[in-house]
Amino acid sequence: MQKLGVAVLGATGAVGQRFIQLLENHPWFYVAEVIGSSRSAGQPYGEITNWVLDGSVPDSVANLTVKPLDGQFDSPLLFSALPKEAAEEREIELAEAGHVVCTNASVNRMVEDIPLLLPEANYDHVRLIDIQREKRGWKTGAVVANSNCTAMPVVMALAPLRKFGISKMLIVSAQAISGAGYPGVASLDILDNMIPYVGGDEQKLETETLRMLGAYDDAHVSWLNAIVSASCNRVPVVDGHLVNVSITLDATPGLDEVIETWKTFTAPDVVAQLPSAPQHPLYYLPQVDRPQTRRDRNAGNGMSTSIGRLRECPILGYKFVALSHNTIRGAAGCSILNAELLAAKGYLGTFQPEAHLSSVS
Amino acid sequence: MQKLGVAVLGATGAVGQRFIQLLENHPWFYVAEVIGSSRSAGQPYGEITNWVLDGSVPDSVANLTVKPLDGQFDSPLLFSALPKEAAEEREIELAEAGHVVCTNASVNRMVEDIPLLLPEANYDHVRLIDIQREKRGWKTGAVVANSNCTAMPVVMALAPLRKFGISKMLIVSAQAISGAGYPGVASLDILDNMIPYVGGDEQKLETETLRMLGAYDDAHVSWLNAIVSASCNRVPVVDGHLVNVSITLDATPGLDEVIETWKTFTAPDVVAQLPSAPQHPLYYLPQVDRPQTRRDRNAGNGMSTSIGRLRECPILGYKFVALSHNTIRGAAGCSILNAELLAAKGYLGTFQPEAHLSSVS
Amino acid sequence: MQKLGVAVLGATGAVGQRFIQLLENHPWFYVAEVIGSSRSAGQPYGEITNWVLDGSVPDSVANLTVKPLDGQFDSPLLFSALPKEAAEEREIELAEAGHVVCTNASVNRMVEDIPLLLPEANYDHVRLIDIQREKRGWKTGAVVANSNCTAMPVVMALAPLRKFGISKMLIVSAQAISGAGYPGVASLDILDNMIPYVGGDEQKLETETLRMLGAYDDAHVSWLNAIVSASCNRVPVVDGHLVNVSITLDATPGLDEVIETWKTFTAPDVVAQLPSAPQHPLYYLPQVDRPQTRRDRNAGNGMSTSIGRLRECPILGYKFVALSHNTIRGAAGCSILNAELLAAKGYLGTFQPEAHLSSVS
Amino acid sequence: MQKLGVAVLGATGAVGQRFIQLLENHPWFYVAEVIGSSRSAGQPYGEITNWVLDGSVPDSVANLTVKPLDGQFDSPLLFSALPKEAAEEREIELAEAGHVVCTNASVNRMVEDIPLLLPEANYDHVRLIDIQREKRGWKTGAVVANSNCTAMPVVMALAPLRKFGISKMLIVSAQAISGAGYPGVASLDILDNMIPYVGGDEQKLETETLRMLGAYDDAHVSWLNAIVSASCNRVPVVDGHLVNVSITLDATPGLDEVIETWKTFTAPDVVAQLPSAPQHPLYYLPQVDRPQTRRDRNAGNGMSTSIGRLRECPILGYKFVALSHNTIRGAAGCSILNAELLAAKGYLGTFQPEAHLSSVS
């Protein structure tokens, strides 16, 4: 099968770089276009980019010429790592022009006909694309969002617990510096320090989690009916967002039952066979002191969520710890998985990965 | 006035060192005896001690010969930084022998006639010493404990809010490595990492906070009648324990009223004039991103607690962030303040600091 | 004696803040004016400043209105924390207008009639001010520079060894993040990382050290005649520049003699009695693993240099480790000490600190 | 081809764990036996081991029962991560009993008939095994050592420069905490700190580098005739040893020529086709601020050495920076590569990997 060329918007930034890194050697997609600011446009990606990830710019991308954001793109599939302001209108314009935009930007996440997609948790929300296309008169274009990086471990851990009825979730995060992009957090602000504040993330956690955990029903998504309280903190770790979560479950299952629910959780078949889907979406770690940020963030190539320390919360009922890699599962990796789901469900036009899928499944 | 010679038990360990550092230039006390393990006994303190604090062993202590724990001591006042096992019986024996023991060990904290003292919050608990002496037949000896280091910022912040009726507190801590002593946390376990577990601390938080916030009444302490849920985490900072706290207040005061309560909080007069008492027991920081561990832990020479980010908690009512220096306010500094209170209240026998006090007040 | 009001140029930046912090409670000077960029001018210092040091803006300065750099200043003494570009011409203009400018900027350090002053090492270079004033026709103004922060521990350690004849020095630095100002080093660039490059510092080390260690003779400074090779590295520590130094000494003294030279080194009397002069300019630490950055950077309130590990270098003769606090001894603290020397030597016009000096000496 | 079962001595420690991690999915070897202390013997490896690397114990090893060191082993090939004391005699005994021992222990490195092997640099030293066997009367046994982890980047960088005549090397290291094993460096000793001392490493660097860079000639290794001066430092990074190196080259090549020598360096064919040999033993990075510890330590799966910043040293001639992963290239990975070389050269008895080799080459 021929791979599909894709474009990365905001390619020179930290999340853009992660897209490029994760798409190297991807079985379905290859980076055909890199889109940057007007300052970098016209220059070779490898020269203009201050590569902040490990190693260096992949050879296959280094020689691509950066294209300006206001130009036209050949790729039907666009991954967006644009900043909020740039993303708001341009992503819609590009979808209108026929592109499928898988975006990491926050600005369009709560738009009613744009799916906030986390395939293991809510793959059926992808059907909002039908609504979106119908309502907006788009034939091939679409916008699909992924959530805030701190919401990921919460939603991954809670998705299988919806059957018990989740009514309250109190979340205290410990977020990695890479979540703030580059240059992001000044080293003087975080070395031997902790900042009990991450601008905007508490609000996002208190809304995006409910939308992601909601049910697709009659052409729209009904939010989960729960109360969320979030407190966000920045800690001196490179990658990995860890959350301490207390929840109330209406059905009051035993601790063992909750653990068993996590251990036996699998993604729906259509998701499980996607190339970026981890073999185990969730790991429940039995050790008393896990998950730990550095040691568990790369589980499942950074796409698995690790959970541990389930115990009774004297106030809310249950408490536990969860961890996801914030720039893989929590950003670029999730967008790529979203795009794979779109491909598998036929939303990427003529691109047909069935051959691959059958060989996988 | 002549200073009172004191002894430090467990003097070579990390908390013992902090006692020695804080007692250098103390206006009332000086370190006359250093007590260590049988391994170090008989050797000069400055030679046998691997000084892990900044700088080096104070000159005045370096030449003291380490005494064994099973010997006899001249000092009427003993500060104990003993490990749990060593502390349990020996502290009682030494009190029985007539010494006043101000201890940082956890083992005797919940004994009913031993005050768990945090002077700004519960100075009247000191009266348990009368009960203790009467019950045990001690004339001059006593044991007074200070709490777990993570409980300190919680109790300091909540002490003035008792008037509103505290019924629930959900605490998520981020604790410094120095809280684990030396060698304590292995660097491979914490660099670029976070550990969502601190052995024993959750249980301590769920009990000690209630005892400290309790009322002295009719010769015993009635615990605060509240539910506590604690989740403890270790983070890569050197000093400073930060807590994210959600609480329920029966009286539902406005946010401004709570802040005003903190801002106007002062210690009782007898406490405020003690040499180690900070001018401001509490600081409420108006910035959206404070307190921060490195920047605020040394407030009030490490004896003040910094609070910030009071806001509504959609689940429990109120939430905020608090921070205390864990080895000063949370350990040695609090023990020293406790001893000062004992001196001021006449529990240290013939030692009379009134002259000092009048010059202070 | 009445204190002298001084101005801080570049007051809102990281070094400017350190000036303000160190000048709080200074016995001779107080901050009367704060000078900032046009963006911050006209606003209260406490509101416009993102205070990056510990604690918060001193009360005495918080309410000062920031003045623009192109205005006029009342203070005869100006401390400059200006960036290079802003400093180059403006510092000269202000000296021409009659101000004494003690600057931390690099741009005028190598100008022949501007002393590059480190009082313990070369206090007699202060006499260049006479040349400067004569040559430029200035009556009361002057510009005095302090060196690059990494040169400080090198020059402090080598100053007393000049008597042995220094012909070669090979320096490998490990520099703190605070040396880059704020926001300075991005946390993603330095957490769990080391950068073997600090722009411009190797060149500065290879020239400024020689000028500072030079002799004042016949109205100019003769550079030390030695070869310097410097390699500069950034490491994840907050404060403190540590250097591994190998040197060749013509006189080939014994190791004990070198150590004794360091131990007995004192500043000239006129310097030793200045308020910011540390009691011990140098500490030689006997432990095999000292100095250590965090544990020794605050020696002498951050003004002492700590040296250790003197041993034979099989190639160059001698090697050792030295450490100074980069933003105190290496920047603002040294500028303040320079200003104190100027005051003591009568270069600050009518301001006469003799009364203070006699009470000190 | 059937894989060869191997044993790991000291399997529960940090280096032992790295052996097990690197041997998972190895094409020639699999871990058949794990050897530990008497304390852990008899228990399942997965239960007794405090796994300090990322993730968790590989499933294939978790159920192996730990064997005591004084027992007998079935595997012909042993990887030793024993501490010095345990290694000294036991490794010789085991070789005498017929095992080939590839050891990371320091104790036997300088024994004249034991090769100190770094295949890309001195694969011909492997012939010392013939001498060793002849001299000691061993038929199938052998001991092969790899060097100190800090010597690795030095020797890798200098191996191709031997043709220019190396006469002096001055090395200043910045070593990761993982080099000290587990628990190793206490976090209180290294967070926001740097320790200018690593016990024993300076001596090792000043001898092992010369032996490794020496020539095999007439049945023994002639050390490189050069002077080495080493200064070793511990810095707060997890993995990766970085060295600042100044050298004197007799032939005084141009900088470009040196860089070209590095860029074109390849391992001998017999080494290049080994499964653990990196495609590029050396990378010369053109950026002014590379190699950086976190970003470059994993080059070539942790087996490549990254070099950068070649420039003139005013004192010694040339200076540069080099970096290797200390527990992969610098320890377990090198031992495994050594064992592969032994297999390829027929020193592992009947085990014949030729089939693999031909498919690789």
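Note that the chains are named A, B, C and D in the order they appear, and that numbering of residues resets to 1 at the start of each chain.
Basically, a contact is a pair of C-beta atoms (placed from the backbone, for glycine too) under 8 Å apart; a residue touches a chain by one contact, two chains touch by 3 or more.
Remember, it's a predicted structure, so these values are computed and weren't measured experimentally.
Novice: Could you tell me which chain lies farthest from subunit B when each chain's centre is the average position of its Cα atoms?
Specialist: So the farthest one, by centre of C-alpha atoms, is D.
Novice: Which pair in A-C, B-D or A-D has the same interface as B-C, with over half of the contact pairs matching by residue number?
Specialist: When the residue numbers line up for over half the pairs, the pair is A-D.
Novice: Which whole number of Å gives the spacing of the CA centres of subunit B and subunit D?
Specialist: 48
Novice: Hey, how far is the Cα centre of subunit A from the one of subunit D, in Å?
Specialist: Chain centres of subunit A and subunit D, defined by C-alpha means, are spaced 39 Å apart.
Novice: What whole-number Å value describes the gap between the mean CA coordinates of subunit A and subunit B?
Specialist: For subunit A versus subunit B, the centre distance works out to 44 Å.
Novice: On subunit C, where are the residues touching two or more other chains?
Specialist: 189, 191-192, 236-238, 294-295
Novice: Going by the contact rule set out above, which residues of subunit D touch subunit B in the complex?
Specialist: Going through subunit D, the ones touching subunit B are 14, 52, 177-178, 182-192, 236-238.
Novice: Which residues of subunit D touch subunit C once you look at their complex with the stated criterion?
Specialist: 168, 170, 172, 174, 189, 191-197, 206, 227-229, 231, 233, 235-238, 240, 242, 244, 246, 288-295, 308-309, 313-316, 319, 321
Novice: Would you pull the subunit A residues touching subunit D in the complex into a rising list?
Specialist: Checking each residue of subunit A against subunit D gives 53-56, 191-192, 238, 285, 294-296, 298-299.
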